[in-house]
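Both complexes below contain chain A, partnered by chain B and then by chain C.
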Partner chain A sequence: MIWLETIANGIFLGGLYALIGLGLGFAFGVMRVVNVAQGDFIVAAAFIGLFLYPWTPVHPILVIIPVAVVAFLIGMALQWLLVNRVLGHDQIPQILLTFGLAIVLRNGMVAGFGANSQSIDVGEMRFWGFDFLGLRLGVLPALVLVIAIVLFAALHLWLHRSRLGRLIRATADDYQIVQLQGVNYRKVYAVAMGLAMALSAVAGVLLAMRGSFTPYSGSDRLLIAFEVVVIGGLGSFWGMFLGGMVLGVTQLIALKLDPTSGLMYGHIVFFIILILSPNGLAGAFRNAVFRK
Partner chain B sequence: MSLLSVENLEVSYGDFQAVRGASLELEAGQTIAIIGANGAGKSTLLNAIVGLNSQKRGTVRFDGQDITHLRTDRIARAGITMVPEGRRLFGTLTVEDNLMVGLAAERPGPWTIEAIYQLFPRLGELRSMVAGSLSGGQQQMVSIGRALMTNPRVLLCDEISLGLAPKVIGDIYRCFDAITASGVSVVLIEQNVVQACAASGYVYCMLEGRISLEGRPQDLTRAEITAAYFGTEVRT
Partner chain C sequence: MTRASISSPKPALVAAAAALSTICLALAPFVVREGDLRLMIEIFAVFTFAQSWNFLAGYVGLMSFGQQLFIGLGAYFVFLISGKAGINPFLLLPLSFVFCAAFAAVCAPFVFRLRDAYFAISIWVIAEVVRMFISQKDWLGSVSGLPLVATRGMDRTVVANTTFYFVAALALISVFGLYALSRSRMGLALAAVRDNEGSAAAVGINVWWTRFFGFVLGSGLAGIAGATYYMSVFHVEPGGAFDPNWMVIMLFIVIIGGVGTIEGPIIGTTIYFLFRAWFAGTGNLYLMLLGAAAVVTMLVAPKGIWGVLRSRLGFELFGTRRLGPTNHRSSP
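Moving on, here comes the complex of A and B:
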C-alpha cells in the first residue's frame, strides 16, 4: 500500500514536472529557441507569486492567474525586445543571450530578496488529505496534477482549434512561408514566448506552494525542464507529460529506498532513456508503431 | 503604368551576386513567364520581389508604390504572394488548416475555402488529411490554394511543375485559366520552355543573373530561346 501511495504521489509530482518542461518544450517546438533562462524565470515567477498572494481573493492558490498574466507580458516583451533580434540560423547568440539573462536575473533576485529559503503559504490546504481506493493522498498535490492536466489539454485544444493556434503551428512548421500568407512571424513568436512563460510561471508558483525555493533554485528547475523535454522527445506534447511522470515516480520511489538520494535517480533514469532511445519516449513509440 | 515593375534589381548571397540587374514589367491581368536554366537567378529574383532576400539593390514597384524594402508579410497584405519552390506546405497541418492560414492576410475577395475546393475538387475530399502525407501533385494544389486564399493581385509561382507527372502538370496548368479570369496577374517560373510559352503572354529568359531575352512567345524563335537559355551562339 505504501508503494501505491508513493507511485500516486510520484504521479502528482510528475504532473508538476511536466508543467515545468512544457514551457521550455513549447518555446523550442515553435521557435527552436532554447531558453536557458527558463529556470530562473520560474523562480522569478515564484517571487512574484510571493508578492501577490496576500492580495489574492478567495484562495491563495488563485494567485497563479495574475502571475500567469504578468509572465505572459514579460515573455512577450522578452521575445519582442531581445530574442527576436538574435534569431537566425545560428543558435549560439540566442543561447548566450538567455544565459546572460539567467545570470542577471538570479543575481538580481539575490540582491533584492536575499538568499533565504521562501515558500508560498496556501494555509490549511497544505495539510488536507483525502482517501482514494484506500490510499491517503494530499489535496494540494492532487490539485496541482489536475491543474497540469487542464493546462496541457487547454494548450493542445487551443493550438488545434483556434485561429491563432493554427498560425502558431504553421509558423513552427515554416516561419518563412507564413510571411507569404501575411503573417508577421515575430508577433507569433512573441505570443508563443508569452505562453511559454505563463505556463512556466504557473509551474513555478505551484512548486513554491508544494515546497520551498531560493534565488538559486533556477538551475535545478531548468535541469528538470530539460529532462522532461528530452525524455518526452523534443516537441512531443504528451511525450513531455509522460516524461514528467517518469521523473516524478522515479524520484519518489528512490527517496523511499534511499532517503538521501534527492534527484539523483531521476537523472540516472534520464540517462538510461537517453542512451536506449535518443529520440525520447515519443521516438521509441514511433519506432515501435511504424517500423513493424 | 504596369502593376508590378522591377528595375535593375541586383541580389547577392554574401559575395555571390545571383541577380545582376534584372528588369521586368507585369501588366494587370497579364501572365508572364521567366525561363532559364538552374542557377540563372530566377528563384532569387522572385524571392527578392516578396522580400525574402535582404541583400538587394534596385527598385520593385507595385501599383506605383516602392515596395523594395517592405517586409514579406506587408507585401503579402498588399497583394503579392508566392507559391514557393518545393511547395513548402505546413507539413503537420491539415489541408484545410494550410489553406486557412492564408486568411491572415485579411484580404477579402473571390478566393474563399469553397472556391479553392471548387478549383481543386480533390482537395475537398482530402481536407482533413495531414498535408505532409499527400502526393506531390496534391501538395502543389494545396500550395497554390494557400497562396490564393490571400486573394493576391499578383501571384508568383516558382517551378510548380517541378517533379510532377506530365498529366498532373497539365491538370494544374488548366486551373490557371480560372485563376487569371478572377483578375489575378501571374508570374511563372519554368524550366520547361514549351509549358512556359503556352501559358504566358510574355516571356523573359534569364542567364547568369541577367535577362538575356524577352518577348511575346509567338515572336521568339526556337534558336533565339536556345541561345538565350544556354548562353550559346546561334549557329546557322
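Moving on, here comes the complex of A and C:
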C-alpha cells in the first residue's frame, strides 16, 4: 500500500515536473531557443510569489495568476531586448547569453534574499488529505496535478484553435514564410517566450508551495525541465507529460529506498531512456504505433 | 569593402616562441617565490580548463556545460589510485588524461544523440550524477572528500616544482599543441565538421569520428589539468571538484577573450585573474559581474575581445585560418 501511495505521489509530482519542462519545451519548439536561465527564472518566480501571496485575495494559491502575468511580461522583455538580438543559425550565442543571465540572476537572488531555504505558505491546505481507493493522498499535490493538466490542455487547445496560436505554430514551422505574410516573427517570438515564462513561473510557484526553494535551486529545476523535454522526445506535448511522470515516480521511489539520493536516480533513468530510445518516449511510441 | 587581410607570423616564428616560452617556464621555479609559484599553478590550470572548453566549443563545435565533470574525474582518479595503491601521483597524471578520455569515449555514443543546448546540459547531468555518486560512497571519501596522502613523504619543494612543470607543460600544449593541431589535416576536418557537417561529409570526412576525436581529446585535457590543479591543493571534495562555477569561470574566460581563437583565452584568463584580485571580497557580486560580462559580450561583440582586436589590427599571433580563393563574406 505504501508503494501505491508513493507511486500516486510520484504522479502528482510528475505533473509539476511536466509543467516545469513545458516552458522549456515550448520555447524550443517555437523558436529553437533553449533558455538556460529557465531554472533560475523559475526560482525568481517563486520569490515573486513569496512577496505577492500575502496580498492575494480569496486563497494564497491564486497567487499563481499575478505571478504568471509578471512572468509573461518579463519573458516578452527578455526575448525582445536580449534574445532576439542574437538569433541566428548558430545557437551558441543564445545559449551563452542565457547562461550568463542565469549566473547574474542566481547570484543576484543570493545577494538580495540570502541563501536560506524558503517556502510559500498556503495555510491549512498543506495538511488536507483525502482517501482514494484506500490510499491517503494530499489535496495540494492533487490540485497541483490538476492545474498542470489544465494548463497542458489549455495550451494545446489554444495553439490549435486560436488565431494567435495558429500564428505561433506557423512561425515555428517556418518563420521566413510567416514574414512574407506580413507578420513580424520577432513579436511572435516575444509572445511565445512570455508564455513559456508564464508556464514556468506557475510551476515555480506551485513547487515553492509544495516544498521549499533556495536561490540555488535553479540548476536542479533546469535539469529536470531538460530531462522532461528530452524524455518526452523534444517537442512532443504529451510526451513531456509522460516524461514528468517518469521522473516524479522515479524520484519518490528512489527517495523511499535511499533517502540521500536526491535527483540521482532520476538522472540515471533519464540516461537509460536516452540509451534505449534516442527520440524519447514519444519517439518510441510514434515508431511503434503511428510510424510517423 | 573586402575583408582586410589578416597577417600572422610564420610557423617557424611560432615554433621559436614556443621554445622561448618553454625555457622561461623551465627556469621559473628558480626565480619565483613559493607563493607566486602557487598562483602561477592556478593560473595555468584555469587557463588549460578554459582552453579545453574553448577547443570543444570553438574548434569541435561541441558546447558543453559539464566540463567540471572531467576536472573532478581527473582529480579523483589520481587521488584515489595514488592513495590506495601507493603509486607516485605524478606517474598517474598522464593516466588521468587516458581515464577521462576513456570516460568521454564511453559517454559519447549517448550524448551525441543530443544536439546544441541539449548536448551541453546532458554532460552537466552526468557531472551531477557522478558528484552525487561520489558524495554517497565512503570509499570515495563521500562529502568530505579525499586528501592527497601519496605526496606526504616527499619533499615539499619537489612536489610544488613538479606540479608546476606539469601544469606549465599543459598550458604550453594547449596553446602550441592547439596551433599545430588546427593547422593539421585533422584540424581542417574538425573545422569543416564544426562549420557544416553536411558539406564535411560530402568531401569525405567521417563526421561522427571526427567529432568523437575532438570530444575525447578536449575531455582528456580538462581531466589531466584538473588532476594537476588538485595536486597543488592536496585535497579534493565532490562539491568543489564538480562545482558548476568552474563552468562559469571557463565560460567567462573564453567568451570575453574570444571563442574559437587561441589568443582569446590568454586575454580572458588575464582579465579573469585581475577581476578576481579586485572583486574577490565581494562574493556574489563578483560572480554576477562574470555573468553580466558574458551577456554584454554576446550582445556587443560575440567574437570577444580578440575577435575585435584581430579585425581592427589586421594581425593575429597564431595564424590558423585558411582563406579561400574567393571571399564569400565580401559585400559591395
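The rule is simple: the second predicted complex is superposed on the first by the 289 of 292 C-alpha atoms of A that agree within 3 Å, B and C clash if a C-alpha of one lies under 4 Å from a C-alpha of the other, contacts with A are read in each partner's own complex, and residues count from 1 in each chain.
Note that contacts are C-beta pairs under 8 Å (C-beta built on N, C-alpha and C of every residue); 3 or more make two chains touch, one makes a residue touch a chain.
Quick caveat: nothing in here was measured; it's all calculated off a predicted structure.
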Touch count on chain A, higher of chain B and chain C: C
Partner chain in contact with A:260 - chain B first, chain C second, else both or neither: second
Touched partner set for A:182, first chain B, second chain C, both or neither: first
Contacts of A:173 with chain B and chain C, given as first, second, both or neither: first
First, second, both or neither for A:85, with chain B first and chain C second: second
Partner chain B, residues of chain A touching it in the complex: 163, 166-167, 169-170, 172-174, 176-185
Touching residues on chain A, where the partner in the complex is chain C: 34, 36, 82, 85-86, 91-93, 95-97, 99-104, 107-108, 110-111, 219, 222-223, 226-227, 229-230, 234, 260-264, 267-268, 270-271, 274-275, 278
Contacting residues of chain B [partner chain A, same complex]: 50-52, 71-73, 76-77, 81-82, 84, 88-93, 97-98, 100-107, 146-147, 149-150
In the complex with chain A, residue positions of chain C that touch it: 57, 63, 65, 110, 113-114, 116-118, 120-122, 124-126, 128-129, 132-133, 136, 244, 248, 251, 255, 259, 283-285, 287-288, 290-295, 298-299, 302
